[in-house]
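Naming follows writing order (A, B, C, D and E), and every chain is counted from residue 1.
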Amino acid sequence: MNCPYLQNMDQQSTLDTQRLEVSLGPQHPSTHGVFQMDVVLDGEQVIRLKPVMGYLHRNHEKLMENMSWLACMPYTDRLDYFCALANNFSYALAVEKLAGIEVPERAQYLRVIMAELTRLINHIVLVGFLLNDLGAFFTPVLYAFREREKLLDLFEDVTGSRMMCNYFRFGGVKRDVPPDFILRVREIVNQFPKFLDELEELLTHNEILLSRCQNVGILPKALAVNAGITGPVLRASGIPYDIRKIDKYSIYGRFKFRVPVGEAGDVYDRYYVRILEMRESLQILEQAINEIPDGEVISKAGAQAAKMPRTLKVPKGDAYGRTEAPKGELGFYLVSDGSGKPYRYHVRAPSFINLTVLEDMCIGQKVADVIIILGSIDIVLGEVDR
Amino acid sequence: MHIPIDHILVFTSILFLIGLYGALSRRNAVGILISIEIMLNAVNVNFIAFSRSFASSPESGQIFVMFAIVLAAATAAVGLAIVLNIYRNQKTIYTDEIHLLKW
Amino acid sequence: MTLFQFLATTAFYAAMLGILIAAALCVTVRNLFHSAVFLAFTLIGIAMLYFFLQAEFIAAMQILLYVGAIMTLIVFAVMLTSRMGNPAVPQSFKNKKIVFLPLGLVGFILISAILKTPWETSEPQTAVNAVTLGKALMNQYVFPFEVVSLVLLVALIGAIVIARSE
Amino acid sequence: MLNTIDQIFIKAKQIILDILSPFLPEWMMILISIFIVIVTLCVFGPVVMMYLTLLERKFIGRMQNRYGPNRCGIFGLLQPLSDGIKMFTKEDIVPQKADPFAHFLGPITVIIPSLLVFSVIPFGRNMIPSDLSIGILFFFAVASTSTLWIFTAAWGSRNKFSLLGGMRAVAQMVSYEIPMLLSIVPALLVVGSFSTVAIVNAQEGLQWFVFTPWGLVGFILFFLTGVAEVNRCPFDLPEGESEIIAGFHTEYSGMKFALFYMAEYMNAFSVSALVTTVYLGGWQGPILPSWLWFFAKTFVLISIMMWFRGTFPRMRVDQLMGFAWRGLLPLAFINLLAAALWVHLSFPLNDILSFCILTVSVLMIYVANRKVAPKKRIYKYAYE
Amino acid sequence: MYGLGVLKGLWVTIKNFTLSYFTRKRLTTVQYPEERITLSEHARTFPILVYDESPDKLRCVACEICAKECPPKCISIVRAQDEAGKPLKQPKFFDIDYSVCMNCGICEEVCPFDSIYMDRQFELSAYERSEEFLYTKDRLAKSAEYFSKIRPETAKKVEEKRKAKEK
């Protein structure tokens, strides 16, 4: 395995065991997609680790420069393919900020409900795959998938497709929800805590999990802030930074919910903070279902822009819309020269930025820990490579 | 199952000689240790063969073999530890290249 | 000479032949790891011999201690001291022919002495099972038993101290 | 009537011998009787393995709220057959860099101990392939060689992941062999002989060793170390899929991989068979035929192993070693002491004394490992 | 106590095992080819063209709005002409490359003449990629009855709108 980057390594001085240069990936069973890590091992200890990315680069940002504003929307589903609606949300916010389109009340509530349901899906799937990296033979993943199916069926009825939803439009959402939507969301919200309790009973106090995850891959507070980490990884290191509370974008200001914060910043904290976040999302969903008003689902200008996308006039200028996506702060920086096509379209992908600290967390850990540290950061290659 | 004793003795002496040949002709220290193990085993077979047909108390041969096995384990452990230490400092375990008394 | 005895003796001689071949290979083969594996085969062959000589406990001891423990030690030593995938360096001295001279001499003397002496073999007594061995160990050989455990302890500590990396 | 069912296999063998005896010379008959036993074992081993894989996939499937394989055959009963055919037809690739001799040797030598070990297990009343006077010791001697063969397989395939897997396998097996041997010694102490038949006879009626205090601790110890020795779930580090792909059998495909796969399941079967023989009274049981009792108990133990596989994450290398050296080994020594006391004292006193010795020692070990044991955490909330 | 978490984990899996024999909630497999999940009203896969009476009289008037608006540009339309070369109000060729289409549903939204809608047929495997997935006009055409069968509400709304427009 000749890893070019590691070639200039000095020959090892004392022999304890030979220095192994192992490249984990790109087709490695547990790197969540095509992601390669060149790891220098001394026995089981990791001395140096270099992530190699770009295998899934699809030229997303350049592609958007000759698409109309509406045509970009279905492509945002493909960024973080686990939570399509969260990507739609921040892209819609950015364009609305740029074009100054208002969103009616009912659409705001529908957007919040959809975003929080996506957060549930993302967190349970992450917990499942983290346990799968630890070695639990697919049991937590399949429990998570059992719950996820219910949510995906709901998405299929509302948006038309299970994962590639393409449901948000500038000024609201594409179409109103089926009549029994509120009933089904209420049923999911009531039944989800029971599932979470069962999952916690299986995992949280499991001694093997405790000993494998505690004090592993510690991310100190200072490093987390300097590296620009956002999302549950940052909150697990002890910094209560949640864009829903800071920006209070859309109508998050009306809901009362708490933000869980860890203190050690290791893999166990990142795992448990996400479980607590799921419980908070359920609170938001509870309040959102009770208060959702009736009324139109998309504003007059929005509907007209959706029907005839050519007529959408986006004035010259730039805007940065950001939301608290399940993986962190997902931001869209859009520059418009008034020509109906974005002049510049940049995505601030949380997984990509959270990945920069992977080496600092992995130095000194064992090979088995590198895999679960990577799993705990929760990266999706669609968003990392764009 | 009557096996004349001298057949076994001839066999063990040949085995001993093979071990001796390995010990003398090998350059690699671990190779020498392997050949010494063969020689030790040849001796053990002798013990068992004799104890079966001569000894007044038949189990004395077997006890000797047990002690021999245990001591072989001890020598192997210490021998390999020394070889490892030599390899760490000298980067070689070829006996003809290890000629510095102090490094 | 019932068939059973005929089968047993042929098996015995076959085992002896097999051991000699494995030992010869173990000593001559260039790759050190192969010689370690052939050593394992010789040890298992010798354990089979012990079974034929009705020393079952010793045979089990041989497999358990030699192949289970000492071979693992040797294989680890082989792995630690040879770079993975290094070219096979000639394992033996250039002028290894010279070794055959003393070997032939010693061999000739030894084997001729064995064949000449008249071994009056008495009939083998009852088979020795683990119980008599245990009693002998605890009554007659209790002192060497304790001393051997001490020797093992010293060897263990010595090996750890020498092989410990600073 | 019950006795005939109990001895049905022996009678069947006798019938076959009687049919053949007029035609063949006398010395041939001995060979035939040995040959029948060997053939049944060599057929019984792989068949058990095939249906253990199916049982495991269905059992774990149901644990994960899904059906197990149910497409080939009625309830998926032909699934092992199709797996076997797939294994046969898959091309068996030898990596170019691999050392052909060791790579070829790996699977053969791994399968031999797992088959040899069956010869010592008493499947039913006088249904033991070969009653060696050193039964248990033979089992451990052969099982301990598998460490070496796993390492040859790992070293032979010249690939970094399998080397890591090989090193882990050797380290794990060496450090779990000692508690395993020590957890058996109390039973041998009480019975006084190595032969498995003697051990089973000593557990007459319902006096299984597991009901004695030292027996319970010995059973748990032996079962845990058995699971570790066989590289099955919480200890399946050598082929930790998520980290080092498939550990020591990464570079094997086709029939060679099938041999590794078969060896793993046969080892699991033989270890649980030995646990039933030593601690759960082998084939001792009230009314049912002896071999049925034996298979029922072994089946329960194997399903516990599969239950572990469906639930637990994997332990890391150093935790695995710590668990063995700090947890199981001291307990094994103390268990030996308690069993010795139990043997020498009379009935009421020995149970009480050994019971309190063991509970005190378990608590002491637990306290000694407190600082290592992970602690539970409480989490604060911002924006109350 | 140290070992409690491990035992609780075992309890959860064995509970799931036993319950899977009783409640459907704990056994969620749908045996695909035999049992099928009924797709909902708005489920969308690939676009189709709707016609009223006969397949060659499509509702589509070849205005090419959907071709312009389609993000991956997988629709290609050629307008029909009568002998004198005057462009007619229906397409001569209307191809959708199903292997490029990412079933986003934008063409359905922007079509002013309710002629292109999203079908729900997803078992479309074929042996050969280039020709087989390039759906021509006649393969795309589907009758209005088929459309109202798969999407009853939208078909009803479209009918009312068309009647209102005719009056």
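As a convention for this text, a contact is a pair of C-beta atoms (placed from the backbone, for glycine too) under 8 Å apart; a residue touches a chain by one contact, two chains touch by 3 or more.
Chain labels with UniProt names: B = NADH-quinone oxidoreductase subunit K; D = NADH-quinone oxidoreductase subunit H; E = 4Fe-4S ferredoxin-type domain-containing protein.
What you are looking at is a predicted structure, and each value in this text was computed from that prediction instead of being measured.
Across the assembly, the mean Cα position most removed from that of subunit C is the one of E.
When every chain is reduced to the mean of its C-alpha atoms, the one closest to the centre of the whole protein set is D.
Chain geometry summary: the mean Cα position of subunit C and that of subunit D are 29 Å apart.
For this pair, subunit B with subunit E, the centres built from the Cα atoms lie 79 Å apart. Centres computed as Cα averages put subunit C at a distance of 75 Å from subunit E. Centroids built from CA atoms put subunit E at 54 Å from subunit D. Across the assembly, subunit B contributes residues 87-88 that each touch 2 or more other chains. Counting partner chains per residue, subunit C has residues 57, 61, 69, 76, 80, 84, 165 touching two or more of them. The set of subunit D residues that touch two or more partner chains comprises 63-66, 163, 310-312, 373.
Taken in their complex, subunit D has these residues touching subunit E: 59, 62-67, 307-308, 310-312, 366, 373. Interface residues of subunit A, counted against subunit D in their complex, comprise 1, 20, 22, 28-30, 41, 44, 131-139, 142-143, 146, 202, 205-212, 214, 240, 242, 245, 257-264, 268-269, 272-273, 276, 366-369, 371. Remark: subunit A residues 67-68, 70-75, 139, 143, 146, 149, 153, 156-161, 164, 166, 174-175, 178, 198, 201-210, 306-310 touch subunit E in the complex.
Listed in rising order, the residues of subunit D touching subunit A in the complex are 60, 63-66, 160-161, 163-164, 233-234, 236, 240-245, 309-319, 373-377, 379-384.
Interface residues of subunit E, counted against subunit A in their complex, comprise 2-6, 8-9, 11-13, 16, 28, 37, 39-44, 68-71, 102-106, 109-110, 112, 118.
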